[in-house]
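Some structures are shown below for you to check.
There are two complexes below, and they share chain A, which is joined by chain B in the first and by chain C in the second.
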Partner chain A sequence: MDKLLRNKKAIFVFVAPALILFTAVLFIPIGTSFYYALCDYDKVTRSYSFIGFGNFINLAKDKDMFIALKNSLFFLVFSCVSQLIMGLLLAALLTNIKVGRNLFKNVIYLPCVLSSAALGLLWAFLFHAKVGINNLLANFGIQGPAWLYSTSGFITLPMWVIAFVSLWQYVGQSMMLYMAQISGINKTLYEASYIDGATKMQAFRYITLPLVKPMIGTAMSLNAIGSLKFFDLIYSMLGDKTENLKMDVLATFLYRTGFSSKGGNHYGKASAIGVILVALCLLATAIINKLFKTENYEM
Partner chain B sequence: MRRKVLSVMLSLSMAAGLMASVPMTAAADEEVQEITWMFWDDLDASEDNITKGFKEVIDRFNEDYDGVYHVTPITTTLEEYYTQLNALVDADQTPDVFIVSPGPNLTDYVAPGVVAPLDEYLEEDGWKETFSSDAVFAQQTYDGEIYAIPLNIAAACVFYNKEIFEEAGVEVPETYDELLEVCEQIKEAGYTPITISAGTAWCLSMLAGYLCDREGVDLAAINAGEESWNNEKTVAAGEKLLELSQYFQETAAGDSNDDATAALYFEEAAILIQGSWAIGQMNGANPDFEEKCGVFQFPAIEGGNDPNRVIAKSDSLAMSSSTESPEACIALMKYFTDDEAQRYTAEVGGKIPVTKVEYDASVAPAQLADVMDIFENATGTFGFYNESLVSSDAGAEFDNHMVAIFQQEETPEEAFQAVEDWYVENGYR
Partner chain C sequence: MDHKKNKKPVKISTVLIYVFFLFMMVVYLAPLVWIGMTSLKTRAEIYKSPFGWPEAFQWENYAVAWKAGKLGIAMLNSLFVCVITLLLTMIIGSMAAFAIARMRWKLSGAAMIYILVGMMIPVHCVLIPLFVRFAKLGLTNNLWGLILPYLTFSLPTCVFIMAGFFRSIPNDLLESACMDGCTIYQVFFRICFPLARTGLFVTGLMTFVGNWNELLLALVFMSDDMKKTLPVALTKFVTPYQTNYDKMFPAIMIAIIPTIIVYSLFSNQIVDGLTAGAVKS
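== the complex of A and B ==
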């Protein structure tokens, strides 16, 4: 094995297939989209012309970009905070129960493995103006709210609705990560704390939380990246109504700008949004890593 | 030894199988010309009668040309249609034949040479002579060349529920003021006066287009830069849009076009302003509604423009300039415009045929006779506003600002000024 690893040709042969594949489907498209971000796409000639930072300047003046950025940042904050709290809470609860742990774990994790498109349609039906929840409320003489089409408020009601649906879908993932970390904590630490008179809450506060902290950084980074590039649930719940309902996030704004029937085909501008999205993902990850940088404890 | 014999036999049979299949595939490729046809509805799942008719055309074509030509449909939803079509065009996989709306959408494919001119094919075998007049090609003609074949004509009209009108004790309104009175009385009778979709912006935009035209907005002058979008007539139209919106269903902001149309044929609402293409959808979904459904011309605005102008629209077929089988494409297009298909268009689909075909008006949807009356008495036609502007982007901008007026996020002045600003920023002034 050592001999093989010293053979540079062999290493190259083993690495080459993955490298070629990644280069073809990932590195080259990312590189070209960075270039296209500096170009204007002409619908008529279907060709690109270099315009420097023109797309970025236009985006800075675009009120739709402001709406998309605002909504994406809302998702980012909501997702990070809510999944941290709910994920940790569920993980702590499930680690401490003996009966039905696996059942609850599977039930909570199940939405993660289901198709977002299918779930989006399901929730869109439930929050439909006339059927689903509103129909149920109507039976009691209550007029349901405009779950998915209210446009009032800085953060609109549909945005909150979709954020909660997203929390429901992905909280299982955070919970699993925290559970893995919690179950790795040596039980003797808890036993020692209980002998010293600590309550369960104190044990959670002073043992579980500090030892779970490295995983909080990882889980939060995943949540941040996931929420910034959030697309499928919004699109399957609202379709092409995102623009008029002021429900665009960066990913739907990118899709609409690049590919939509309504004012689409602006590939240069869409690439620029993509570049901003990548930059935001990197920035969010860097900040989270900085905030949750911890020593690795012996557990 | 036994294992070796078995493996040799299996290898030989696999090789023989491969060899046998190669010439068969090659022969099949030589004989059958494969083409694709792209359309904005699901041929198998749709309840729309026009879509069902298109499915029949495709099936008939594949059956009649079995072993010669074969067409494979590519279907999407209407909302996704141009998105997917543009993706295919940009990937150099343009469908051989595809449906397209005349106006800026078609221009987007004509200008870069994505679609081919069809004049030489139309002149062959007297195909062009079968059409009702050369005027049906007006919106598909660029620099004297025809780039798409119209399949049908639809007129935007006002559909209403006769029973609700009777119950509310109202007559068909002829003027805008009468329309307001009718709406008020229908509301008092406990029904939603107007069902419309603002979630699907073009539906609301169609109403805005009618109001602009009735007010006498000179769209050609605006497009040419001779007038500003922000003028007395457009603002008056915007104010009327806002005024009418008090009679829309409460869920108009989020309802899709299908939701809004369903509210009429499920008899929850009294009035729907929609194209006659909705006849097929309404009658297909609720056949009982056909006899209850009346149609009238969009009302006049007193002191405004000619009230007999109608918004008209046609579905058209374009042929890819890169197709390898133009003969198959033309043969398919001819199937869409032959007597059988055109008769179906009128008798079942409820749209106006584009050819001289004779059809049995007694079996056609009841609403078609009213639409035909409106169309025949029309003094002129005009397109959807969002398809009549300087580009498809301008159309999208117009749609969005009409929705903004409805949502009271912009005043009519602000909305039309924003459209004007867009024209300035994009070099159309």
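== the complex of A and C ==
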């Protein structure tokens, strides 16, 4: 049997397709991307000329880049905090009930598997300036704000709206992760604490929270990367209007710089944005892992 | 006596929890029900009473949207891309997982790390080089040009989950297969592959759902109407100042109904699988 499992030819046959795909479609393009980031792309001659850190220096001065970065960081912080609170709350409450737990869990998770492009259209209509929610408010004589078109404030109103929509859509993911962790906690711990006179709140504070902490790191890294990659929802809610409305995030800015008809094909600059995006992903993950690094308790 | 005293406050809190979750159900289901209702209204009606019950069901909205949004061809494209990606991911992914999890070679650990790194890299980073390369190779506006990156980005989760399943297959089973003179390929395809059905099912569903909804790559790679996938076809309806809502809502319904049906059939497996995949990354 050992001989069989050491069959070099078979190993090669099994692993080669996956590794070749990975190298060709992922790792070589990543290398290219880093190279493009240091180049200026000429649309006419379709050639790349090496300009060192020129793209990054231009981006540092670019006002649109500042807006995109600001909005992306806002999404990052908002989603990390809100998903932590809501996800943990939902998970803790759900593990306390028996009847209907599966139904509630599955319904809350449902938007996670639905297309953001479709749900974005729905929410864009609901937050339309005249129809939608504002129509409902008008019945009570309230003049609703222009949810998706207001451009005032450091973090504009549309950003908050979209941040809440994404919380609605993706909180199920965090909830599931926390539920998995909570249901792994040994029941005798709780029983012992109740015998000692602990209330449910105390049990949550002193048993559940510390034992869930490792999962907070995992869930939060996922949220962080997800919110930095954020594209579908904002594109389907605002379309090409992100620029005029000053509502770019890094992903839409990258798309606009590289591919939109107006932005033109600035592949070098767009690659530089991509590099910054990856750097931010790695940085956020590293920080979160450092914050929530805990020794694993015996459960 | 004591027991009864303890039970009462618990009940009140339980009631509160149920009230809270019923409220959440409304928050989650009302928008979806409301899309369904609105999709059956006339345009004038949508403006006049966006939240009311439709006066008469305008079923023809669906036919109009289907035609105007070219949703038929988009649906076929999406199906083609997702099914092919699904099959290839399961075969290539589980072969790699098997070699990494069960076969004995020096670099198996390194190969696993190499593949898992792929989980952390956002697709945005490779978007431009891929587009440039694929444009040269004639893979843009070509469904295979989507299948390749989808496959690559679906592989890490698949390899990870399947490796777990292959590790749990007892050694005795493999050993007895060897005694019977199976080749390594037979061991994999006849014994291990069928045994890991549950894992295949979970990864399959995850791969399918993820690729079915993917927007950015499809948006960049597919400019030809005949090659667009469903999410891209939907973005046609995006313009903040547009007015043809009577077409938009049926289109949304058409896009999400297949996923809702699949989800309600397999929600438990999907939820468990997606969580398992996420936890490990």
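The definition used in the following text is that the second predicted complex is superposed on the first by the 288 of 299 C-alpha atoms of A that agree within 3 Å, B and C clash if a C-alpha of one lies under 4 Å from a C-alpha of the other, contacts with A are read in each partner's own complex, and residues count from 1 in each chain.
We adopt the following convention: contacts are C-beta pairs under 8 Å (C-beta built on N, C-alpha and C of every residue); 3 or more make two chains touch, one makes a residue touch a chain.
Note that the structure is predicted; figures quoted are calculated from it, not measured.
Within the superposed three-chain model, A:Y178 lies out of touch with both chain B and chain C [touch as defined at top]. By the touch criterion defined above, A:S260 reaches chain B but does not reach chain C. In the superposition on chain A, contact is made by A:T45 with chain B only, not with chain C. Once the two complexes are overlaid on the shared chain, A:A146 sits against chain B while remaining clear of chain C. Contact with chain C, but none with chain B, is seen for A:Y109 once the two complexes are overlaid on the shared chain. Of the two partner chains, chain C is the only one that A:N135 touches; chain B does not reach it.
Put simply, more of the residues of chain A are touched by C, taking chain B and chain C as the two choices.
By the touch criterion defined above, A:Y170 reaches neither chain B nor chain C.
Contacts of A:F78 after superposition: neither chain B nor chain C is touched.
By the touch criterion stated above, A:K241 is placed in contact with chain B and with chain C alike.
Residues 148-149, 239, 241, 259 of chain A contact both chain B in one complex and chain C in the other. Taken together, the chain B residues at the contact with chain A in this complex read 79-83, 86-87, 89-90, 108, 111-112, 114, 198-201, 250-251, 253-256, 259, 391-393, 396-397, 399-400, 403-404, 407, 409.
Residues 1-2, 4-8, 10-11, 13-15, 17-19, 21-22, 25-26, 28-30, 32-33, 36, 90, 93-94, 96-97, 100, 102, 104-126, 131-132, 135-136, 148-149, 168, 173, 176-177, 180, 200, 215, 218, 222, 225, 228-229, 231-232, 235-239, 241, 250-251, 254-255, 258-259, 267, 270-271, 274-275, 277-278, 281-282, 285 of chain A are the ones touching chain C in the complex.
On the chain A side of its complex with chain B, the touching residues are 43-46, 129-130, 146, 148-151, 239-241, 243-245, 259-265. By the touch rule above, chain C contacts chain A in their complex via residues 13-14, 17-18, 20-21, 24-25, 27-29, 31-32, 35, 46-47, 50-51, 92-93, 95-96, 98-100, 102-105, 111, 114-115, 118, 120-133, 148-149, 151-153, 155, 159, 174-175, 178, 183-185, 187-188, 209, 212-213, 215-216, 219-220, 230-232, 234-235, 237-240, 245, 248-249, 251-252, 255-256, 259-260, 263, 267-268, 270-271, 274-275, 278-279, 281.
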